[in-house]
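So that we are looking at the same thing, I have put the structure below in structure tokens.
A, B, C and D are the chain letters, set down in written order, and residue numbers restart from 1 in every chain.
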Amino acid sequence: MQALLSKIFEDVKPLMGKGKVADYIPALASVDPNQFGIAIFSNEGDLYQIGDADTPFSIQSISKVFSLTLAMKHYGKDMWQRVGREPSGLPFNSLVQLEYEHGIPRNPFINAGALVISDMNQSRFASPHYAMSEFVRRISGNPEIKTDLQVADSEYEFRHRNAAMAYLMKSNGNFENEVEDVLKSYFANCALRMSCVDLAKAFNFLANKGYCTISQEQVISEEEARQVNALMATSGMYDEAGHFAFQVGLPGKSGVGGGIVAIVPGRFSICVWSPALNKVGNSCAGVAALESMSKHIGWSVY
Amino acid sequence: MQALLSKIFEDVKPLMGKGKVADYIPALASVDPNQFGIAIFSNEGDLYQIGDADTPFSIQSISKVFSLTLAMKHYGKDMWQRVGREPSGLPFNSLVQLEYEHGIPRNPFINAGALVISDMNQSRFASPHYAMSEFVRRISGNPEIKTDLQVADSEYEFRHRNAAMAYLMKSNGNFENEVEDVLKSYFANCALRMSCVDLAKAFNFLANKGYCTISQEQVISEEEARQVNALMATSGMYDEAGHFAFQVGLPGKSGVGGGIVAIVPGRFSICVWSPALNKVGNSCAGVAALESMSKHIGWSVY
Amino acid sequence: MQALLSKIFEDVKPLMGKGKVADYIPALASVDPNQFGIAIFSNEGDLYQIGDADTPFSIQSISKVFSLTLAMKHYGKDMWQRVGREPSGLPFNSLVQLEYEHGIPRNPFINAGALVISDMNQSRFASPHYAMSEFVRRISGNPEIKTDLQVADSEYEFRHRNAAMAYLMKSNGNFENEVEDVLKSYFANCALRMSCVDLAKAFNFLANKGYCTISQEQVISEEEARQVNALMATSGMYDEAGHFAFQVGLPGKSGVGGGIVAIVPGRFSICVWSPALNKVGNSCAGVAALESMSKHIGWSVY
Amino acid sequence: MQALLSKIFEDVKPLMGKGKVADYIPALASVDPNQFGIAIFSNEGDLYQIGDADTPFSIQSISKVFSLTLAMKHYGKDMWQRVGREPSGLPFNSLVQLEYEHGIPRNPFINAGALVISDMNQSRFASPHYAMSEFVRRISGNPEIKTDLQVADSEYEFRHRNAAMAYLMKSNGNFENEVEDVLKSYFANCALRMSCVDLAKAFNFLANKGYCTISQEQVISEEEARQVNALMATSGMYDEAGHFAFQVGLPGKSGVGGGIVAIVPGRFSICVWSPALNKVGNSCAGVAALESMSKHIGWSVY
């Protein structure tokens, strides 16, 4: 495995820096694009890593999977009244579909859906971001995971489109808390800094029937773990989910920090990271690395 | 397996007839809703069946997978210039997205996408429907498979929305042949009559790395078979693909005739059939049967 | 004229109470639907009135014309960089077009457009609502005109859809001030209470080449007055502007308080009021009264 | 008047050739852009003209007003069940709104609306294009008006988008005749060749309460003439109707051949022509000439 990882790393390395680092907030725009890391964590607890796999980065939308997991633990099936499970076919921050579908977002991984999930967690936890931080530290086994407050503040300063979505949902009766409060929790969660190794570990429960070997807890049920994977498979990669299923064939979730998490059910959790993005917002080198891995190892679930 | 099939059949039987038979053309509206069959075909050649599994029905959109397969065999990767691979997030016969995306349909399983695929096959085969019929007879091992000409004619008579899509794509330069010719081939393919047993057999190559044990041919490559499964997983169930992935977790393709085909990669191909449809156009009892199977056997790929 | 007014009043009276009083906020829902008034004010200063023409009501969207006038006085042609002049073809509070057109509202009379105009006035006036109140008192000659603070507060409490629009424009760089501040000014302006007589007088400058005979001031230039009338003619009546032009043929502006103002260029300003609305949000009896007037007097400008 | 015409002609002449001749069909693309003519016809029968006012050109969408007039003469108010009277807010050949509004076009001047009107005339006349030709020859007093068959054929060859609209309406039950037949009539009407003088004369009935002084017939009633003018005022200038009302203030109808007809109710009918178009499809020099006229003479109806 380690040999294979080295081969893939060398093959894909030339793509490092190709694409464009997210620049909608200054704090993200200053990241060095020439970074690239891979970490693989097996259900048996073996860790394989290469490149900048220990460097923390802004997890951004990858946090949506953690938020969803926390909400599923608490709300169970009832939560699907407020958010759908269908792919959206539109940019991740579109208001059009939200308008046509009366404030019910299509799935938990578009921004509107993640905001509704955050609203649920806001209703449940005294401090949703504290709960989230504690959760990711526990399931990754890394008590040092921190939030980049500068990124969180900067996201909040440029919150307007997300605020528009939240207010539109509030006008449709699908938002319980104050918009500003939920936005602050949401941005703080996006601003968590974790490394490939942290994320590969933290996501292992999804490859392992809902069980986290690190914290030794059943995070969610086996059925729920499959459901989260199904949602990632159909909606986890912005407007490239179909292409990713076609080329890679694994449930995955990306973030504009350049990280991508992927799950090989029953076997591995993977995290790749490289900050330069393609035009739909996924890491160029990251997607290429996962395609290469899938081709070499035949990991497609399909 | 046979015992399990009996149990599922009994559990789901009460749903038979719930929902509404497709009635947009008279020839489909007259089908008896109280029919229900299941067939499972294993990669080893074992066949399990129950209920009306030998009764032929109109395969309708299930034919889109066969058309896609024929096009992939001939055009390879070039075909993806003309049709996308992303879920659509809109009804299967919507013109809105086609307009916004300049005549490039989102995937091969919405109507517009299937029309483009049919246009490709029209350019390639002297008689596309003859080629298709011969193909499905061969891979199902049933030389008796026929086209319901009354259904084909009736679909053609009510062709207007599909004609609108085809003309819109032609105005965008994404349609090579005469609209009327392609529509006739397309409707003839939809009007093929096959049973659950026929379809379970004909789809087995997708569970078996592209190889058909019946005709003993490599229909498409292993990689291509996975790609077709990935497309079914993200876009095969109309506007319920996400829900189906969440609940069933298998690549699937449905038709308004009430049939649903599903693939357990590496193991089985399945066909369920019951004519009464839910509001997005999928068989009510069919979806329930696959949910029950998935729950009892843990077949989800995720 | 007075005789004609009596005839029209009697003809249309049976429609009084037909339709539905605006009920999106409690303060408006409690208005008695069985009220109906008409006032006509001539360029020579003659006033004709009938029914409840002296009863103050919530002017709501009619205030958008006053806001536009104040902005035009200050910004001149530059303002049209930030708001268009085309009819919208969608509901007055739709976010869809705003999204597709990158935060530039189609015209000053849809909500998004009026919010941009309010944002302009917010940048200009220390207290935009004070400036507005003073303006309408002056041009109507009625120093007693007041704001219904309960309505303003209630609108603010249910501000969410308007807040969504404002934030969407802010995310597109088309909003200068704090969203909350502008919303407060905007709702206060909508909550002004004026009678038919007040409004007929206050709108006379649009029938009179921009000159107000009451305050004896050139409010805007003759050309600008025609331009405001043109905007009312193409976009003043929600999604019924075309129908209103077809049936009535006068520039008009309606509000969900049940008021409608119309202009006979060179001759008269008219205000009709009856609180029960048709399904696009215009006063049922009000539209009927103006149709009847137009038919009897041949006032259509076309 | 003639002196004024000369002045406007000289002022606007430098704009002649600015913009881009319609090039979606070869027959239109070859027109010399350096042509410019104006004709004004008064209700008293006086004719003023300058420049290339006697040169015939392809009237294109201006024919939609003639088709509407013929349909109104026959169908009266019933026709408004099948086509709306509201501005569209979208490009003239958009399918989006048609889809959302279930095949009922927003007004008779977008392509979908004109196709429905043509379908009405197809149901009524043995030869709709013959009826149309005879009508325009009669009301213009020019028996030499001809159809450019090469343009008609070329439009038909590139009919695909219009065919898509017609089929979409047919799928919604709002189209009675064969799509191909109606398209042929429709394109033949668009391909009529008339000069500025012809059109100024032919449109005079709309300035003259429905009465044509040339053929000495009441073409439509005074009320209907006002209604046609109202439709032109709100929807006659593609996606520039609001701007045209704002700047010119007259009912107008343009065509991609570069002609624009405008009405000064009670006084004049005007036709300007110059083939080079702005980006929404209206003649650059034509719009400028009408703006200049309106400014110099104060013709705005508002």
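The definition used in the following text is that a contact is a pair of C-beta atoms (placed from the backbone, for glycine too) under 8 Å apart; a residue touches a chain by one contact, two chains touch by 3 or more.
For reference, the UniProt names are A, B, C, D = Glutaminase.
Because the structure is predicted, anything quoted here is derived from the model rather than measured.
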item	value
Touching subunit B (Glutaminase) and also subunit C (Glutaminase), the following chains	A, D
Inter-centroid spacing, subunit D (Glutaminase) versus subunit A (Glutaminase) (mean Cα positions, whole Å)	55
Distance between chain centroids, defined by C-alpha means - subunit A (Glutaminase), subunit C (Glutaminase) (Å)	47
Length of the line joining the C-alpha centres of subunit A (Glutaminase) and subunit B (Glutaminase), rounded to whole Å	32
In subunit C (Glutaminase), residues with contacts to at least two other chains	none
Interchain contacts (touch definition) - all pairs	A-B, A-C, B-D, C-D
Residue ranges of subunit D (Glutaminase) touching subunit B (Glutaminase) (in the complex, touch as defined)	94-96, 99-100, 158, 160-161, 163-168, 170-171, 179
Subunit A (Glutaminase) residues within the subunit B (Glutaminase) interface of the complex	84-90, 97, 106-107, 226-227, 229-231, 233-235, 239-243, 245-246, 249, 251, 263, 265, 300-302
